[in-house]
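Encoded as structure tokens, the structure appears first; notes follow it.
So that you can tell them apart, the chains are marked A, B, C and D in the order they are listed, and the count of residues begins at 1 in each.
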């Protein structure tokens, strides 16, 4: 059964179609990718999935729930987490505090609990802290938990974002260009990490990526879009040999040169 | 009592202190020592102060409560509220109307005032908290004025002259009618306000406010309902203002709409910003400055707002974290 | 007076009031359009304009008299002076804050507003000053509706200023740069536009329009005081929002609409004048909640 | 307890200051002055302070009261209820024998409880809201005629001018609303019509819509019960809208500024005023002395403030002691005190027994006594 199903998605801004009649699905437990040339509408798809954009038409079914037009925080609570293309950490807060933001939707202590600090609240805080430390350990930076997040290296800041997303206890993890700005070694570690997230934690992954090498290495299913429309779908090999895909990429390159 | 750190919750371990005082204050036991000493001084002040000085000090504690309440909205949640006096008015008028028109015991009016403050917070905040922050500022300003005009126009609120003859509260037959009594009442309220503020700041909710303040979209993506979280801040701030209003009405025994003008809201905001938004000791300093300045510099009294405004501008330009030092 | 006469007279009242709102609303909208700042100090600059005009007029009235010629001279001089003050404020207070969180820049603007009004209060001891001019009460009577020449001249002057602004923004290179900056500041910088200069120019124009409105109001109503900018500042902001903040024709439209709404509002039966402000603020709040883009404003799209 | 070191040191320093302030020199009689010396009403407040100090100086020159020298101490109420309670507590803490002053009724109101609880004699020189009567604990004495008297004076004028339909405008503050309400009650009680009862918001400049609305109701007279600054604008715009009938203004508008701002439009406007120096034959000497001492013209409430101090001295002499109860008793028994603003005696409610209001009319840019 598909964990995520996108049906006939439509999105337009000021009369301009950004996504046109897009349909695709992500199988439970798989690693899937969404690729396409610059400006193809990949991030817009993510924003529709996570509730930041309201699509004009179409349907999104996630884990048996219709989530289209729901608020982002509700979608996160349903079990979909995301990272951002440009880092969006809470810059002046510590790494651990950043990760703890993910646990917010899985905990419930309100203002009265905060003031009384009764047993349940203290247990909840302790559990939150423990789980978030585990998340940091999983992405490999437990030693930085007390550091202010903006003081970390770029690569480590990326890891904080992943840990933060993992702390929401997601079923599906959306990664928006996770390899952007990483060097070769970091990319290798990223590939390993993506696989570990799926294999060890059982979390389904959908990623947007420019780095073809990385996409081809990790993805089991690839959806290619251009101008907001799906032009190809399949495994790495199928997509690589699809003439439409080659045209979309090469054609685009030629335009840029011209 | 818990330690009062001037920082946000968790950046203590790797923090490097700027000043010697701050460094000395770092260990928990030193802080508790200072707090205990300060508590002793505050409790003992009535022994050495005359009535006038005590009147002024009660006013200080009173503004500490109001400023801490607004601090939850402005400092913690990062929302500019220019109509905070409206909540203060809701509390004061609830107590005033219930005691003078219906003869209800003062203490029973407090839960009613809290209920109405919550209602006012939800009515004002509910539809408006999703707005951009500058629109929110204007909307809250508008609501503040609306509340004042309603109080001015209605029969039950005593119209423009307001209410007089509000009963003074008593505890088990002991009537609170001297300034010493109110000094301790307001001191107690201020301590309670500090305690609640501190606990809230260092909680799941307090962190959520900080997330939303730093990056609304990222917070939303992490599963935080930003409108709900802001509403919490707004309503809790409203409760602080409402409760302060109850005691204000009881102490003054007379209230009129002029007390709840836009200038009052600005004054409270000044207190929050001067000392340092979001920091409890900073806000307390702000409240002190607010009340003591016109009393100490009587001849500059009419220039009070001008002086504060200049200081506020300088603070925003050169030291946005306020007078109270921040941990690096 | 017949009902028709009343409605016509209220139309005249509303248009005059609306012209003041529109002139002040333009400054809000221009500044907001270009740096997304709600300039709380704008109403106070209107007040400063009135005081500046008063000062200039009392200095030059010996030479040119305190009738139309004197008024025009003082208006031009104070528009320039207050316009420069606007630029100065932008440079000192707002420029360093552009990258800061929005809360900080809003508080800064509030501080500037308080500094302006409270320093005038300190200078005038909080007194009302009589802005006496020699304009007279003559006018034309149309049926039962009476309009003074002063009122006609005021509306005409406001109209001229607004048309001039519209032409400037839409027909000149500076105007084009202004519109470009409001869309994408960084792109403009890359295209070699001196962004800071254009922002300063915007402040200059917006502020001097407020100053013009201040002088016109001061001489028309006959008194000035330090607090006169507060109410009109709020009303003009409402007007800008009604029209769609960021839109210049919107500010003009919003100003006139609000003026008419207020003057006709007083004729509504059973609702006394004591509820007038609840009525205006209510409109503002409902509008912000349900249609924050106003009549002519455009929806903003924010990218992740 | 949460405070910083900084604050507590400020606190102790202040405490020290307050303590020092309490030391008084023997054989002095300390009298408190409560007026606004800062804020929007500072001008009027300082004027009252001057007049009271002038009276005290004259008494001291003449040998003081029973050999004691009068020392004054000013508490600034800033025309604000909150600051007024602080000022009143300050005066009470300083153990003044009595207090003279009181300008803004709203600020005076909450202080009545403080003075009442301390049983301090309080001569209220200017505040005259009728609300003060109920809050008075018996120790306060109003030497300015209250709103009731002003309403009576106003109604007399309207009746004499043959007015049938009246329009009333106030400004939404306690004082002007009180006056407007009382007038409305009285006028309707006489079986006549109040065709319009309106409010103007403080600080607003354009009242043309209101003027048109009122004109359309065709009243025979309009009564503005609030202050001069907004009053001038309202009158101007009423005239501009073509209203030609009678306009009267309350004592809050009794200022040359009204005529200055309103210009030609205010010609012929009636004003009800408490007695100011210009219309008091007995105040000639005071007028000259005040000008000499302070190099300025005495304002509206200077004569009453002066009388307040003199009355107090008189009462203390009659009481023969500075005992508070004795002074209060003597004040209440005042029978034949001749002040520069006229004779003073009190009703059972401690208000002035006679109306001291006069009717003025604007002529050639000046207020003159109306016939």
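FYI, a residue touches a chain if its C-beta (ideal position, glycine included) is under 8 Å from a C-beta of that chain, and two chains touch if they have at least 3 such contacts.
Bear in mind the structure is a predicted one, so any value in this text is a computation, not a measurement.
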Taking the mean of all protein CA atoms as the centre, name the chain whose own CA mean is closest to it. B
Tell me, please, which chain's centre (mean of its C-alpha atoms) is farthest from the centre of chain C? A
More contacting C-beta pairs: B-D or B-C? B-D
Averaged over CA atoms, how far is the centre of chain B from the centre of chain C? Could you give it in whole Å? 34
Centroid of chain A to centroid of chain C, CA atoms only: how many Å? 47
Just give me the whole-number Å value for how far the CA centre of chain A lies from that of chain D. 72
For chain B paired with chain D, centre-to-centre distance based on mean C-alpha positions, whole Å: 34
Quick check: what residues of chain C touch more than one other chain, meaning two or more? 126, 230, 274, 277, 304
Junction residues of chain A - those touching two or more other chains: 52, 84
Any chance you could list the residues of chain D touching two or more other chains? 39, 42, 172, 199
Please output the residues of chain A touching chain B within their complex, sorted ascending. 50, 52, 71-74, 76-77, 81-82, 84, 88-94, 96-97, 100-102, 104-107, 109-111, 113-115, 117, 121, 124-125, 128, 146-148, 164, 168
How about chain B: which of its residues touch chain D in the complex? 1, 4, 21, 34-43, 45, 48-57, 59, 152-153, 159-162, 164-165, 177, 179, 191, 194, 198, 252-256, 258-259, 280-281, 284-285, 288, 292, 294-296, 298, 301-302, 324
The chain D residues in contact with chain C across the complex are 39-40, 42-43, 172, 197-201, 203-206, 208-210, 212-213, 215-216, 218, 228-229, 232-233, 236, 239-242, 257, 260-265
Can you list the residues on chain B that touch chain C in the complex? 74, 78-80, 82, 127-128, 131-135, 137-139, 141-143, 145-146, 149-150, 152-153, 213, 217, 262, 266, 269, 273, 302-303, 305-306, 308-310, 312-313, 316-317, 320
Show which residues of chain B lie in contact with chain A when the two form their complex. 8-11, 13-14, 195-196, 199-200, 202-208, 210-211, 214-215, 217-226, 232, 236
